[in-house]
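Okay, so chain A shows up in both of these, paired with chain B first and chain C after.
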Partner chain A sequence: MSDLLELEDLRVSAGPHEIVRGVDLAVPAGQTVAVVGESGSGKSLTMLSVMGLLSPPLRVSGGHVRLAGWELTGLHERQLREIRGNEVAMIYQDPMTSLNPLMRVGEQVMEAMTAHGVAKAQARERMLDLLARVGIPDPRRTARAYPHEFSGGMRQRVMIASALAMRPKLLIADEPTTALDVTIQQQILALVDELRQELGMTTIWVTHDLGVVARLVDRVVVMYAGHVVEDAPVRQVFAAPQHPYTASLLASLPDPNSDGRGRLATIPGRPPTSTQTITGCPFRPRCAQARDICAVRPELLPRTLPVSPTAAPAAAGGAVAEPAAGGGAAVAVEAATTRVACHVPPAEWR
Partner chain B sequence: MLRATNLTKQYPVRGGDGVVQALAGVSLELAEGETLGIVGESGSGKSTLAKLLVRLEDPTSGTVELDGVDLTTLRGGALREQRRRIQMLFQDPYSSLNPRQRIGAILGEVLAVHRLAGDARGRQRRVGELLDLVGLDPRLTQRYPHELSGGQRQRVGIARALAVEPKVLLLDEPVSALDVSVRAEIMNLLDDLRRDLRLAYVFISHDVSMVRHISDRVAVMYLGRIVEQGDWKSVLDDSAHPYTVALGAAVPVPDPSLAEPIQATVVGEVPDPANPPSGCPFHPRCPLAEDVCLSTDPKLLPLRPNHNVACHVAIRAAVPAA
Partner chain C sequence: MRRFARHSLTRRLVEAVLTLFGVAVLVFAMLRAIPGDQITATLGTESAALSPDQLASLRDYYGLDKPLPVQFFSWLGDIFTGNLGYSQRAGESVLAMTESALPITIELAILATIVGLVIGVPLAMLSASRPNGARDGVSQVIGLLALSIPNFLIAATLLTLISKYAHYNPNAGEFQHLFANPGVNLQQMMFPALVLGFGLAAPIMRTARTSLLEVSTADFMRTARGKGVAPMRLRVRHLLHNALNPIITMTGIQFGYLLGGAIVVEQIFSVPGIGQQVLVGMQQKDYAVVQSTVLVIATLFVLVNLLTDFLYRVVDPRVRAS
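Now for the complex of A and B:
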């Protein structure tokens, strides 16, 4: 598999302050990846730079973004517009920020195509197909509605329709269900996942809640303070997280099955702000496992796992994945693709 | 201690002469030190219910009693005095904290308005105690709301609610806007405060896993009604109403080893309360709907001890033909 998206030492700054502090990430065509992190981790800014959508004072201050063979860094807005939609599209948490309130929803979905040179009649036909495909009832009539006449879930469906209008190779979904009710969240997750398979799209889910996307992704990339701290196959992340931060994140999810009136695990302290200078491991001040060596910043290095994670107890909180019978070998193969930025091996803390 | 009886609330439809039935007869009780979880989605009426319970709005009919005193008839000083005892915390306290006031002034003002904690010096001391109570550094009094993180702002919101020494806290989606690890911190704090101050909570959320974590009893709302209510474990783990079952199934399972794809367990959206369906409000989305559900709105009836449900099918299944 060749890499559809390649980020190399990507840095994003606001004025003098670096927020994304050197991200290396390669996403092969066809893969589904979760980029997980809390507010301020840089996960959304990383993805906005892929879209070429950073607005001042934010800017790409270093590194490279390559998409489908194109070097995006340094491209002009006109060239970027060509790539957005055709090669990559994004859906956001709040569709109102990307839908024009003064334009009928059908026209907006059509515009996503006519802007790329699709003839109007053809765009109209495809728009009606798309609205039907994303589950909007009676497309001929509803295409004439304005966004405010729609519920949050319906707006999200419109945004998905216009994101997919040009059949992008890469779809970035940035917390698209955070603002939605649970039953609607489930509908939207299922819809995007179906469309992903149907269109063979490479997909990146950006989220702060690993629990939401656990069943949708092949691989998890955990970000902290502008760095990638762990990058591993999803089953392995749940069964045997390699970075203490990943383990803490998993432990803070309430266990859906316990009689749990117990306390939820928390992470002491706060993530560093963008104005703070980070020396050593960015997680060190909050890490229960911190050692002297953590004063030196750990690099994101491939890690070969000596034991199958089947034997390892999972993080607290019950977010335990039982690897399927006979899955040990598969996990061992996957483990070769694991990268971790931590000096302390899990054997010493788990 | 807190008792709402047959609350209804209607709003006039804009530009029409119809009404929207936001609440259609809701009754609930809350004992001292107890947590009642209210689960519902947009349009379920849960936020309207919250506003009526703190009397931000008046019900169209029905009563809200606090320790036997009917809040809906109180006016002036007597209302202010009772209102002090039931406080509300919002999803994002940012929108309810004055951005130009320092944290110390925000909390001090509440104390001054309610003539609590004596003079300026007494208030200052009390502000320090309140911040300490919610786990914040007392030095934050000099900060402005925008200088705080989301979790810190939510703690300030809690401190402000606690300043007037309430018995009941109404928590409306208190952790929905927070990161997962911060969410855990606030949940733990709420747990501690409930025990230490013997508070009673009404915890309103669409997030079943959080309601499950904190509630003694749970009420599930749909289109202005309570459709299932009772002991938390019975309602959430042994749900009888098809809507509660669907809600539970919609919670994402954090387990990547589940092979089957995610599928929507309930189709469609909550109906427009201005144009509600006939009979049972859930019937257009319900996999079990029968003829009776199209014509007759089911009453909330006892299913088991401490567990009521408003569903024709569930009640019939529980009571085999006599």
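Now for the complex of A and C:
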């Protein structure tokens, strides 16, 4: 079992509404993965299900989460508790609200260790080391401070210290810099990346902005409306995005050679909400390459399509007979002007 | 920072003094607005038989012949010297009466508050642990019952049942003070404290439940769970601690009311507390007793409020900082 984390057809629902709609993801030990997608695409809920931290009305409504070969879905709360913070830890988006305002920061870091049976004196030692390691000055004194005495960046450093306290195998960083100033963002990214290397942690960066983490990851997983629409090595994603949504995401990144001011384009429209029922491809209303068949059975589209609008099948009936021609295996084929590859591969391709 | 803190403390004190002055004016005016005075209250219908001379000398004796503002300020002035006035009826200074009645009321209020907290908070934690579940329903119903049944009804029923079937009625004998006879005193306080505490548990439970539910969805709760923190520590150290301030506010308000004397419950259980003192004073139109006692109660109320503010500071470092 070389995959540290394995999600199989993972589904998360709130009441009757499915929000995460069957995510498959396997992360080998030691890999660094970015999970990207617009806000609302289900990234956080996917990660919270790995932690077993969904609270009602949210629940895992299907599929499997496996960590180092252990099935986590359906595990008793007591067993989950041993895993959380110990085998897998998470850094959250908003450091302003993620720390207990009434508890000294030192105690909050220690707690991550005492919860897993580390003796208090030892936890204290390690807490001071950790605070120093994440760049908090004068740990002995600052350990006694309360979160409100800290800036956002400092609080996020405290969160990092408590997440890494037990040296987890898997670290999930859920938009850890989104709430911070730009200058602080870079420091926090660099710090987590340094610690990742130092501790040899498998790491998942969750972000709505691929540009932020592109340099740090081996692989990119793109999510849209609760689906994984693309999953490929980072170079390949940048060089040859397979899904129209990925292509739009990349097009909306600021040009690294410019001064960073201009965004080239934003994707028009909004992603579907979790209460909408979706037939066909969820990206269709916003997709420049959409054709009639996409409204019915997008998985029947060939993996790669020529872009010429005349090539669009006129009716669903006609398209059903066609897929064998395109096949599922060829990943990217140069077409006249653009490449298009639709997210859900043909059934036999799974 | 320190200057600001002192400034806010000064402001609080000024507010407190103004409040108390307002209470003094109000109680003084109200007593005099009710028809009758100490003379009619003391002599009853016989007062009609008084000659004008006798009446004048009695009015002079009680100080009723002076203009109202003079009466008011002479009363207030006396209070600053520690003289709360003299009760003709009781043949005792109001200070001495208060010194005897007030500790009883404070003891009862503290005991009742403890009972209220011990019932209310765990019930709230139980009901908030699974909102809209079965436990929540049961706790809510208990809370509603406790709110809607008048406490004198519970008191009278309890007393009747226990003295009839268990032949136990510690409140039948003469009242014993805590330090004179703690064993008997605590038995005498038990039922009134339970009755008042049960009534107190309901508002405490509702406030605590709302507050706990709100805090339970906070991000830092998720963080703590994500660290693998054990459920007990999660509930007490993270959840309850953060939910404490509204509970303190509600408890403070209720405790303040109790200091005003639980008149009916004191009456039923023959507890000679401050409530009884005011009640008797009212019946006898004993101005000195009523107005001074009410002012003492109001002062305590204000003190409890200051104590509540102080407790916020103990609980929340952010309040300390501002």
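In this section, the second predicted complex is superposed on the first by the 286 of 350 C-alpha atoms of A that agree within 3 Å, B and C clash if a C-alpha of one lies under 4 Å from a C-alpha of the other, contacts with A are read in each partner's own complex, and residues count from 1 in each chain.
Operating definition for what follows: a contact is a pair of C-beta atoms (placed from the backbone, for glycine too) under 8 Å apart; a residue touches a chain by one contact, two chains touch by 3 or more.
Bear in mind that the values here come from a model prediction, so they are computed numbers and not experimental data.
When the two structures are aligned on the shared chain, A:199 is found in touch with neither chain B nor chain C. Legend: residue contacts after superposition of the two complexes on their common chain; A:38 is shown touching chain B, with no touch to chain C. When the shared chain is aligned, no partner comes close enough to touch A:288: not chain B, not chain C. When the two complexes are overlaid on their common chain A, residue A:85 makes contact with chain C while staying clear of chain B. In the superposed pair of complexes, A:55 makes contact with chain C only, with no contact to chain B.
A simple residue count on chain A separates chain B from chain C, and the partner touching more is B.
Contacts of A:97 after superposition on the shared chain: chain C is touched, whereas chain B is not.
Of the two partner chains placed by the overlay, neither chain B nor chain C lies in contact with A:119. In the superposition on chain A, contact of A:190 is made with chain B only, not with chain C. Listed in rising order, the residues of chain C touching chain A in the complex are 217-220, 222-230, 233, 237-238, 241-242, 315-318, 321.
Of all residues in chain A, only 51, 53, 55, 81-86, 89-90, 92, 94, 97-103, 111-112, 115-116, 146, 148-149, 159, 162 touch chain C in the complex they form. Taken in their complex, chain B has these residues touching chain A: 41-42, 149-150, 179-185, 187-188, 191, 206-210, 212-213, 233, 246-247, 249-258, 261-267, 269-270.
The part of chain A that touches chain B in the complex is made up of residues 38-39, 151-154, 181-187, 189-191, 193-194, 208-217, 234-235, 237-238, 248-250, 252-254, 256, 259-261, 263-267, 270, 319-324.
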